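First chain written, first letter: the chains are A, B, C and D, and each begins at residue 1.
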């Protein structure tokens, strides 16, 4: 299977996920500020998730640059990643509508943790079918402190959500900022 | 008509179907475990259907590899397949929300049966316009025990749903597992 | 502007329209036959509209085969066509939920009439920028009895809906069947 | 990153936004004219937003014609633009359902203002990474009176919405008409 169709399909699914989230922004039934207010926390959680999905789209694209052949493992690892990303609108909305209550915030972190893990699994599948430790991708993500730190922060946020909910939110925002800053690893290795 | 646009259109429709299902996951109105519980069977049925749509996307792509020309028959056989796939979110949701009750489970099997049949019709259309029994695809799917077994299991599950509902669910899961294991037929024939 | 991106965008919009209609199939709240019954007329109207959108996708693709340059007129005529097609799910659902009552059936015909007219406008825009009467497309659709008959039948159905509603439905089905039978005009002219 | 995938992703998101708006057209519960009436203002606001999104798609495509390399800034400026466009269906629907009341009309203008600003930011990012003042795009949009006038009219409409609501609507329509008339700047510069 060519990687073009895998890219196109992933792009399609990610474009739908990122756009569908806005559907969860229920149109208020009044026409004044008080009617608009309940939409504000949902809007904030929507912005956060939009940034996360944007980061995934960006990184996913970079990672696929190093792919030459697609096999069954890569295909299903990719569908597995898309699955967890497609659950993001659900937890985004649940967290927003409940004003960042403990359980929804923890579940949001859980879905981020699963997405991050699915991304790592996809990374491993690509590396193992492209020459292992000598592959381009393996060199680019050799220590992967960013990926590992993110997973650790998600796990911490899940636990913290039940005690200091705002700290969990802070962790989610921090991870997003960490990834927003450019990550030159793959580009550097590709240039070499 | 070139097959590129047929592929792109099918990819688009399948990407939308697989993502739209998550919209059926209604956001709970409370913020504790008890509010989340009703979403669990819907989530399980969503996972099952996600795997099914993923399998169809994968196999559809493999099958189109053998296509050189697209005619009206292939086009409408393809739209017919996409139609039944687009009904999957509806029955998925009905089955999940009713905790795998008899009729919804049977209807779920019926839609899988129609999808499987539509796939077989598309296969026949492609074979008949690409050299019949000597075509690549005909050789690849010569006995097609997987396809036939699936249709038989769907039919059995529809009947069983009214007596031993869990057996119907088991059949759906078994068919999915059967297809998840790699199917080297088309790749092998293409290599030759 | 290249026609590739126009094709890709149109394909995307049409894929979304055809898939979104199924979202209108509300999941019943019971789990027996009586709960399923109200969904049946909606399902029937969904099938009809699915066939219509499929026909438009097919014909749109054929028509664009003859296009070499895209200008502002063609672009907006195309967006105008996509607009009316995107209203189809709304009238489909209204007609289905009201069991083919007079006004919804007439409005359904009105949207089909506007879609057909928009298609004709797009045809005129393409012809006028590709050599007028000598263009490929002009030769292919010289008399266009199919297009004209469809528009006449839609107009008749709108009026009939208020007196003999079933006759309006019959007209919609007849037009669909008329277009389902292969239309070799453009392919023939392209071959020459 | 190649610009092809950026174009394809943007096209996907814009196609979804423009189609999703129609989902906000709630199907009326009766089958006569009085049941249809509440849908009319929503329909009108939908038409207006459809034209706006169509204009953005058109201009976005023109602007990307001048792009040769995509960097992180362009990518996130593009995602930022898509974000504000994806909020359009929400404000469209809120404005329509409240019969063009003051606050929803002002918020509609605010989202248009943010979209226009995001478009300008994307323009600046592209120019600064393609040779600055000597770049193709910089020459094409040198004075950009259209872009600046639009932003000014949006800002005025936001304030006016609370005093003369119909004037705000008029401004939105005027800006749309202004952009509908062909803008030969980029094409002219590209030709040179």
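A few comments on the model shown:
Basically, a residue touches a chain if its C-beta (ideal position, glycine included) is under 8 Å from a C-beta of that chain, and two chains touch if they have at least 3 such contacts.
Quick caveat, the model's predicted, so the values are computed rather than measured.
The minimum number of touch steps linking subunit A to subunit C comes to 2.
Per the C-alpha superposition, subunit C sits rotated 90 degrees relative to subunit D, a value rounded to a multiple of 5. At the interface between subunit A and subunit B, under half of the residue numbers involved are used by both copies, so each side presents largely different positions.
A separation of 27 Å divides the Cα centre of subunit B from that of subunit C.
One simple way to say how far apart two chains are is to compare their mean CA positions; for subunit B and subunit D this gives 38 Å. Looking at subunit C, residues 8, 12, 16, 20, 23 sit in touch with two or more other chains. Taken as a graph of touching chains, this assembly forms a single closed ring in which every chain touches exactly two others. Counting only pairs that meet the touch rule, the chains in contact are A-B, A-D, B-C, C-D.
Here subunit A touches subunit D in the complex through residues 7-8, 11-12, 14-16, 18-20, 22-23, 25, 27-28, 30-33, 36, 47, 50, 54, 57-58, 61-62, 180, 182, going by the rule given at the top. Put simply, subunit C touches subunit D in their complex at residues 1, 5, 8-9, 12-13, 16-17, 20, 23-24, 72, 75-76, 79, 82-83, 86-87, 89-90, 93-94, 97-98, 101-104, 107.
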